[in-house]
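Next come two complexes built around subunit A: one with subunit B, the other with subunit C.
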Partner chain A sequence: MSAATNRPQAAAAEAFAGWLQGLADGSTAGEEQGWLSAERQQAAERVRAQSVPTGKSEEWRYTGLRSLIDQGFVQVDEPLTALTPEDIEEVLVPGLDACRVVLVNGRYSETLSDLGALPRGVRIGSLRAMLASDPEALQGVLTRIAGAGNHVFAALNTAAMQDGLVVLLERAALMERPIEVIHLSVGMDAPRVAQPRHLISLGEGAQAQVIERYVSLGDALYCTNSVLEIALGRDALLTHARVQQESLNAFHITGLYLSQDANSRYAGVNIGLGATWARTDLVTRFSGEHAECDLQGLYLAGDKQLIDYHMDVRHGLPHCRSRERFKGILHGKGRAVFDGLVYVARDAQQTDADMSNRNLILSPNAEVDTKPQLEIYADDVKCSHGTTVGQIEPEALFYLRSRGISAALARRMLCLGFAGEIIDVLGPEALRDYVTEQVGERLERVPLE
Partner chain B sequence: MSAIPAEATTVKTKADTTGQYDDLVNAGYEHGFITDIESDTLPPGLDESVIRAISLRKGEPEWMTDWRLTAYHKWLEMPTPTWASVHYPQIDYQAISYFSAPKKKDGPKSLDEVDPVLLETYEKLGIPIEEQKALAGVAVDAVFDSVSVATTFREKLHEAGVIFCSISEALQDYPELVKQYIGSVVPPTDNFYTGLNSAVFTDGTFVYVPKNTRCPMELSTYFRINTANTGQFERTLIVADEGSYVSYLEGCTAPQRDENQLHAAVVELIALDDAEIKYSTVQNWYPGDENGKGGIYNFVTKRGDCRGHRSKISWTQVETGSAITWKYPSCILRGDESVGEFYSVAVTKGRQQADTGTKMIHLGKNTRSTIVSKGISAQHGQQAYRGLVRIAGRAEGARNHTQCDSLLIGDKSSAHTFPYIEVKNPSAQMEHEATTSKISEDQLFYCRARGLSEEDAVSMIVNGFCKEVFNELPMEFAVEAQKLLSISLEGAVG
Partner chain C sequence: MLSVKGLKANVGDEEILRGLDLEVKPGEVHAIMGPNGSGKSTFAHVLSGREGYEVTAGSATLEGTDLFALEPEERARLGLFLAFQYPVELPGVNNMYFLKAALNAIRKSRGEEELDAVSFMRLMKERLKVLHLDDSLLKRPVNFGFSGGEKKRNEIFQMAMLEPKLAILDETDSGLDIDALRIVADGVNALRGPERSMIVVTHYQRLLDYIEPDHVHVLAKGRIIRSGGKELALELEEKGYGWIVDGEAA
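Showing the complex of A and B:
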């Protein structure tokens, strides 16, 4: 019996390995710096060395890769230049005043981006362009944080990256206008995978606000495998919002690798609404004491959607603080996976870590798999986690119904109240309103069950 | 590149406070001694002939021999599990002797006929069989190594219709009952250690409580590992028929020795309609010396099946011993409105490692489960809570509450929490909470200011921390558990 079931599995593993290798190998960009091609080669080596993730490997326990492999995505090679600013109007956030960067299918678009005047000490631009014009600025920074991690898709990204966004803030630079990054995907005739690589680096005491949005034109089928590295210097402050609104046919893989120096502060909000299959890895490392990392998130998963958040926060030094607060609403046949790990090393005394994951299930066919983990080797710490899974309180519904509110509206109100706790953290106001509207619209489409 | 600045000062002050109590740590293992009794032991090694020999010596029916052999062949193909966060050298399964029975001329018919050296052993352990017989009303099926040597109160139980005997006897006297239930909750192929156990188990307990019967007394077995180099492979099977109730106590101590000993037991509980099983464990196997040498490897599979509607299975455990504990007493909540409970206190100190927790599998409607896990980790102790709560799609109205708290004593100890939560039903209510902390200076200061010694203060705080679990233990056990906890933490405090 086992032999019979193993055979297709082995075949799938082989197909996957072949696919990964093809992507890793066939993408060397050629005319670039020695250090980067060395990095690429090592990454390609790591991809080769990795055993193919299956349901048996802990990191992919609840997230099957079969549907991804079956698509046979091939790398995007040519930039798509046909779009005009009018074409992207439909995906903009109304009333949002921001310095705008647009990437189309993973390639930085000069024509669509609108940076405006940048303050002193702030550089924003294309990774590809900077690798050509000023590679020294990136050496030792790019790939340092996402480094030799064993995440197969991050390694694949390193091997195959072609372009992306670079934001560099010098010491004490202050970027007051939010930086809006629109990752726009447009369907091609064959299913394509874009593998952009982004870098945000804030020098000592620098401050910035970044809004990343993943959007698409139409219901295209495509795959995004992006990696974002963030380096925060001493006392730096980054406010970061990520709104994932990929097409409902899309596959979305992102890795966010964060390195925080002493006293720095990172406040991130992740909103996951789109994609049929989405996997996000948030990885935080502290390189100085008294740093603070705040990760919050909201995800809505409906029919044929799988949304997976993996979090890995490692406290290696004393006196750091981390917060993870994720909330999810599941409807239809939606599935969500939450896997959070807080690791406190022996020397990381006085660590303050808190993790919570709360889920609301609206339909009998939805599923949530949550795994909040603590791994603690120091004794003078304050660490806790909490998880809940439940449905809307019948009493709360009854209360609203008895005041003449329709069942559908009552449910929407309660869900928005539940989600509001996360949405309210978002800034600026235009973005907050936009996300509230998106979530509200989405909830409106959920049939009563 | 700038080097990562290590905050040496904080760490140092911590180490200093810990050092203060280190002198108190070396309280030896209280129950460490070896009883010198001739044993009938098979030579080390495992193959088909050993299994046949065990089966033959036990005079088992043929289907049992076949069952063992099937398990053995499956086991040969199984990999050793590596996912638990415990570390130990590879076990050489060919170096273990799989059978050891105390030699006896004729089977003892009453306590008077039992080898006096054995009785003395029990007395050293504080199990006064006679006294218990007279006063406490507890029936004891004491397992000395692998064969039951003393069974009391059989008749009284017999009157009530309760079957309480060793599993070997049950295979002789009630083969059809054993055949019906054995392996039905924990199949031999469940995991590596259940495969091994199914192939070579030598003894254990069988309990059957008939319909609508409340077992007239608490059943109790004291396990004890004695002869050097014999792993104990116990097999416990408890069946509570419709509307019955039974409370079962299990306690273990083991003599001090240098070689690691393997203990791979399997416990299966089956509760039919309206039945309730309460299973309490106090585990105090030899934990090894302060460097982690010696000590028992406790790789146990315990699982209860709430097969009937409105049935209930409750696990309570106090784990203070063993070098390595790998144990997840679980409940399968199959019947509608069935209830599963897991209350646990685990203490790791010295070089002890524990990876323990539970699984609550909700299948029936309106099933409820409660998990309360308290972990205390001192010195170099390593501890992990690993739990699974699965609420299946048809488990309408299922409810789970999980609370796991860890208390760290000393900056070299560690505590981990790995909960897995899988919910497939919208009407389910599931809550999980976990905290990790140390005894606060304020709490200690408060007690000290009222004239309590530091040790007493810590003992009091720890007992308060564990109270929720101790409350679930039967009275006699609760007292023993509290005592055990204070002995275990003696000197480990800081």
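Showing the complex of A and C:
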């Protein structure tokens, strides 16, 4: 009996191991760099040692991997170079003035990127190219923050990274123009996985604004397994928007590893609209006091969609501040997972941490699994967390309808009002307007239930 | 304008309205007074189509159209307006955006062109002037964090923008100090006209010092038990409701 029940499990584990192995052995960037090769071999070892995460593993409890494994994604080594600037016009944000970087299927595109003139002390370019031309600039930074990663996909990315974006700001460098990063995915003959690796490093007192957008051409089926490492030096300031609006056939994994030195400030907003299966891990470590980390997010999940945000913020030093504020709208058979951990070590006195997750459920078939956790070992801290899962207030709906507004528009207005608190944080205005419109359009397609 | 005949309505198993009759002609202002629990607010809610009430008998027509056959938004587009006793706070919904959506929904249903941003702003400024209001409430989310007086003023402003044929003011005076009451009443008076009827639902005579009604009705136990002119309100103020309600029971 037990043998019979174990067999599918064993088969799944085997399939998973085989799949990971195939990916970890793919072609890579910067192979000639000894320091990096060692890192990658270790990562590959870790991947090999992994067993398939099951529903019993807390990390993947609500987010099954079966559908991902079943796609049989393969890594493609050749970059797709056929696209012209006209091809990407449909995915641009109207009126957004930015220094633009475009990556196609995880590979940096020189043709489509348009950096303009960069101020002194700012470098933006391809990871692959920089590993070949100036590896010293990356040594000691790349892979330092993500370390072993917090799960197998981060290790897999380290083992198999092909290319990605590098943004380096020297001490006191100021990048006033926003940096827009378009992660464009295009369908290929076989379901393919891209494993880009990105690095943003701000030196002491440097400031930048980065807008990452994940978009697809058409309803492409693919998987992105990306890792982004962000290092903020003392007094550095990074404003960071991540807007995900991918095809409903896409699988998406992002590990964002953030390291903040004293008095630095990170303000991140995650907008999750797309992909059929999306998992994002936001991991923050403080290496100096009085640093501030602000993680906000808005997600919309409908039929055939799972959106999972995991947060792991570790206060190991005193006087740091962290905020996690995520809101979700679930409709149809949409599913979302919010799992936030704020850990406050014994020495991290005067920590100020607040975490909230609020959800609006529009359908009886939608589901959200939310788990905010505070683990506090210091005794002089200000920490709080809260979670709500609710529906649209009938009184609010009636109030709008009593003014002549249709039930459908009334509901959309209330949803946008709910979402607005997060969207309003976005800058610049062109991006804010664009996201408002995207969310509005999405809600317009949601049937009344 | 409004014709209500033999209206009975339940909340759950309890009958709240027990055969209510009311005729309101164009341009008339009717006051409906009555003790707590007499069914005043239920009447206002049933007419506007709020959920949670069951009409068991009778009819209500606005200019001949059966109100009970319509959704709340359709009643509003027909020209019915309810000023809420407790205006609902809508965090994140901008007041101007809300008003524009409402006005254009109503205009569209009448076959009129939707107002563009410029014409809307112009109209808004004009109406603010008529009501002697400033525009400070417009940039905020609807009723969110408003004081009691601000909420009621916002209701009156909506009424001025949407230009209903029949406005029902549900205890608009509740919780207002005398200054706020005066502002609200002045607004209502500015909106009186030969084509616009109003039903003022109130517990106290006080409001009627500022909004002079053509007719006063006393509602008790779900029925109108006495109707008269504005002098009836003064009589009620003096003697309380007891003498009529008890007289009716005896």
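The working rule: the second predicted complex is superposed on the first by the 438 of 449 C-alpha atoms of A that agree within 3 Å, B and C clash if a C-alpha of one lies under 4 Å from a C-alpha of the other, contacts with A are read in each partner's own complex, and residues count from 1 in each chain.
Note that a contact is a pair of C-beta atoms (placed from the backbone, for glycine too) under 8 Å apart; a residue touches a chain by one contact, two chains touch by 3 or more.
Note that the coordinates shown come from a computational prediction; the quantities given were computed from them, not determined experimentally.
Participant: Name the contact category of A:Pro178: first (subunit B only), second (subunit C only), both, or neither.
Facilitator: It touches nothing on subunit B or subunit C.
Participant: Looking at A:Gly328, would you say it contacts subunit B, subunit C, both, or neither? Reply first, second, both or neither.
Facilitator: So A:Gly328 meets neither subunit B nor subunit C here.
Participant: On the A-aligned overlay, A:Gly272 touches which partner chain: subunit B = first, subunit C = second, or both, or neither?
Facilitator: Neither partner.
Participant: Pick one for A:His319: touches subunit B only (first), subunit C only (second), both, or neither.
Facilitator: first
Participant: Of the two partner chains, subunit B (first) and subunit C (second), which one does A:Tyr377 touch, if any: first, second, both, or neither?
Facilitator: After superposition on chain A, A:Tyr377 lies in contact with subunit B alone.
Participant: Check the residue A:Ala407 against both partner chains and state whether it touches subunit B (first), subunit C (second), both, or neither.
Facilitator: second
Participant: Which chain, subunit B or subunit C, ends up touching more residues of subunit A in the combined arrangement?
Facilitator: B
Participant: Based on the superposed arrangement, let me know which partner A:Asp369 touches: subunit B (first), subunit C (second), both, or neither?
Facilitator: first
Participant: In the superposed arrangement, which partner chain does A:Gly203 touch: subunit B (first), subunit C (second), both, or neither?
Facilitator: Neither subunit B nor subunit C is touched by A:Gly203.
Participant: Going by the contact rule at the top, pick out the subunit B residues touching subunit A in the complex.
Facilitator: 4-7, 10-11, 14, 83, 391, 393, 406, 408-438
Participant: Mind pulling up the subunit C residues that touch subunit A in the complex?
Facilitator: Answer in residue numbers: 48-51, 71-73, 75-77, 81-82, 84, 87-88, 90-93, 97-98, 101-103, 105-106, 109, 141, 158, 162.
Participant: Subunit C touches which residues of subunit A in the complex?
Facilitator: 393-396, 398-407, 409-410, 413-414, 416-421
Participant: Within the complex, which stretch of subunit A touches subunit B?
Facilitator: Those residues of subunit A that touch subunit B are 58, 62, 287-289, 316-319, 346-347, 349-350, 359, 361-391.
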